[in-house]
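Alright, structures below, take your time with them.
Two complexes are shown next, each including chain A; its partner changes from chain B in the first to chain C in the second.
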Partner chain A sequence: MADFTIDETVDITDVVCPMTFVKAKVAMEELEIGQVLSVHMNDGEPVQNVPRSFKEEGQQVLKLIDNEDGTYDLIVKKLEE
Partner chain B sequence: MAVDYATLKKGGFMRQKQKNNFSLRLAVVGGNLTAENLQIIAKVAEKYGDGHVHLTSRQSVEIPFIKLDDVEEVKEVLATGGCKPGVCGPRVRTITACQGSAVCPSGNIDSYDIAKKLDERYFARELPHKFKFGVTGCQNNCLKAEENDVGIKGASIVEWEEAACINCGICEKTCRVDAISTVDGKIVLNEEKCNNCGRCVKACPTDAWKATPAFEVSFGGLFGNRVYKGEKYLPLVTSEEQLFRITDAAIQFFDDNANPGERFRMTLERVGLDKFEEKIKEAYNG
Partner chain C sequence: MAFTNEQMERYSRHIILQEVGVKGQKKLLNGKVLIIGAGGLGAPAAMYLAAAGVGTIGIVDADEVDLSNLQRQIIHGTADVGKAKVKSAKETMNAMNPDVTVNTYREFVTSENIMDLIKDYDFIIDGTDNFPAKFLINDACVMAKKPFSHAGIIRFKGQLMTYVPGEGPCYRCVFKNPPPKDAVPTCKQAGVIGAMGGVIGSLQAMEAIKYLIGVGDLLTGKLLTFDALKMEFHTIKLPKADHKCAICGDHPTITELIDYEQIECPDH
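And then the complex of A and B:
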């Protein structure tokens, strides 16, 4: 679980709910099954909801990295189209 | 022949300001209607009403401008589409519910299923005054549980399982009441702070949080001439059997103690909360 290579990154710090997950999801759609996406997001509402939304979509959340600057990087592996 | 308005009202026919016109309230549970129901409602509204329906504040449907002479015929026609009249007056009213866990990702309980069971148990039961039940699936409280004489709110009693945890910290961020913290690589749950919303369970990527569904019950809510938020006098309820023992006890307390025309809250205040708490704690403990 600890080892992963990031295939693509997306920054959703410039949008607010509900566009946060929409933007992240659109980025995920570009990936192949098994590839890994890193989602750069703000503290607060995005980090409360985006991880759960990916789980509900059937993707695998690998890690949440606290950048300690009020942003987080969520690492998600694509399991489903 | 004199018109028996009380009987009509009991049968869901509400007298309008327009003479001999009635707004017919339908029996609806948890705000759910089938397409078949909707078709017959549309047909009745067009043929016997004035072509419109009203959605009530408590998830029912009223068909206005039904003529007194058509009352019996309207009931028969509605029955062909699986609809029947609801009730008004001093009795158990429409059981309201959110969509709950059957449909909503946030639901901790199957609200509609509980509403149907409450409906079978109590709907239209004669009482000293109106009595309302509402069922909501989680802390988001879309169905406003505490507005009701008895409100039921879905809860999750949560437990962390270390073996499955990858220490991602998502639960800690997801928790809205800061009940979760990480101490030396281990997750610590502050049970005093936890509001049983279940968001940690829903968000955890590895299902390291386990949930036991439960019911939070509130009593004596009002949202009419007087406004009063229903209050909780019990710990979380963990089985349906226990829940219905409690609702049985609450409704019986109202039936035994209320004066005619007195809402549950006023009965509780007049008779004494201590007496009520004693009764429902008895029911809680079985």
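And then the complex of A and C:
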């Protein structure tokens, strides 16, 4: 059972660093404080960097879900504008 | 206003910065900066502001591009010699970034036109090369309550300071009056190392960008000087705003703008 509700999703599998985080950040901009964003990303560089970048900006990383198809879904709660 | 994919990519290095982000970039796109003088200082300032996506940029200059300008005025090219500087500058900026609206004013600032020129802009950049214009810009910005960046360059030296209404001294608090005619050489007479415009004009663009985004500390109450031969930057803390200042003091004695006499260059 998921202990969160996803308010918005963004797919960043079509871009590479640094556009991965840029695209995720632009999507996060549209959310209200307390809302949750799901970021669909490829394995590798995005999984390494995007969660860390969100944390550095004061957002709360709730979960990183391995879809076992080479992609992940990063669940992030917005804490900072 | 949502970003297009192209804008997301163009401004990606800004958006990544925590201090800028999506909100800061939108502030830049909604920002309006007026650059007075499309020369050594105005050229790099205009180019960095255009590249940064400052949505509306005005440029004021009555001159045409001269071959002797090209050693430092990097917004103009050899093919632009003889063209109005504002037209040449606009072409370069439009080519750099289609997001930017460039307004051109082919005139010199005077007591007659300056209030009208500055009224729609958020921040003013003084990129002029003479004291009458510098005092005029200061006095007009104080009267209109507009923030501006002052700068001057000569030989291997440059300086700049920022005025924000109510947050420190104005240019006249510090320098009082234009120097006597012929006491100070103009840069036509004295020369200037070309890259100096790039250093100081870029710092002016930096001040405008920080002001528009609302981050960091501006050069209010401070004068930054750069000596290229010694390769030394100094930031000098200035005295507080002068209560007796003729323009920004408690009882200003200057109530109308002044057109000081321009110092004529013997070689022109």
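The working rule: the second predicted complex is superposed on the first by the 79 of 81 C-alpha atoms of A that agree within 3 Å, B and C clash if a C-alpha of one lies under 4 Å from a C-alpha of the other, contacts with A are read in each partner's own complex, and residues count from 1 in each chain.
Just so we're on the same page, contacts are C-beta pairs under 8 Å (C-beta built on N, C-alpha and C of every residue); 3 or more make two chains touch, one makes a residue touch a chain.
Small disclaimer: the values here were computed from a predicted structure and weren't measured.
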Partner chain in contact with A:67 - chain B first, chain C second, else both or neither: neither
Chain B versus chain C as contact partner of A:9, first or second or both or neither: neither
Partner with the higher number of touched chain A residues, chain C or chain B: B
Touched partner set for A:57, first chain B, second chain C, both or neither: second
Chain B versus chain C as contact partner of A:47, first or second or both or neither: first
Shared contact residues on chain A - chain B and chain C: 56
Residues of chain B touching chain A in the complex: 105, 166, 168-170, 173-174, 176, 199, 202-205
Contact set on chain A toward chain C in their complex: 18-19, 21-23, 25-26, 29, 53, 56-57, 81
Chain A contact footprint on chain C (complex, rising order): 3, 8-9, 12-13, 15-16, 18, 21-23
Contact footprint of chain B on chain A as seen in their complex: 1, 43, 47-48, 51-52, 54-56, 60-64, 66, 72
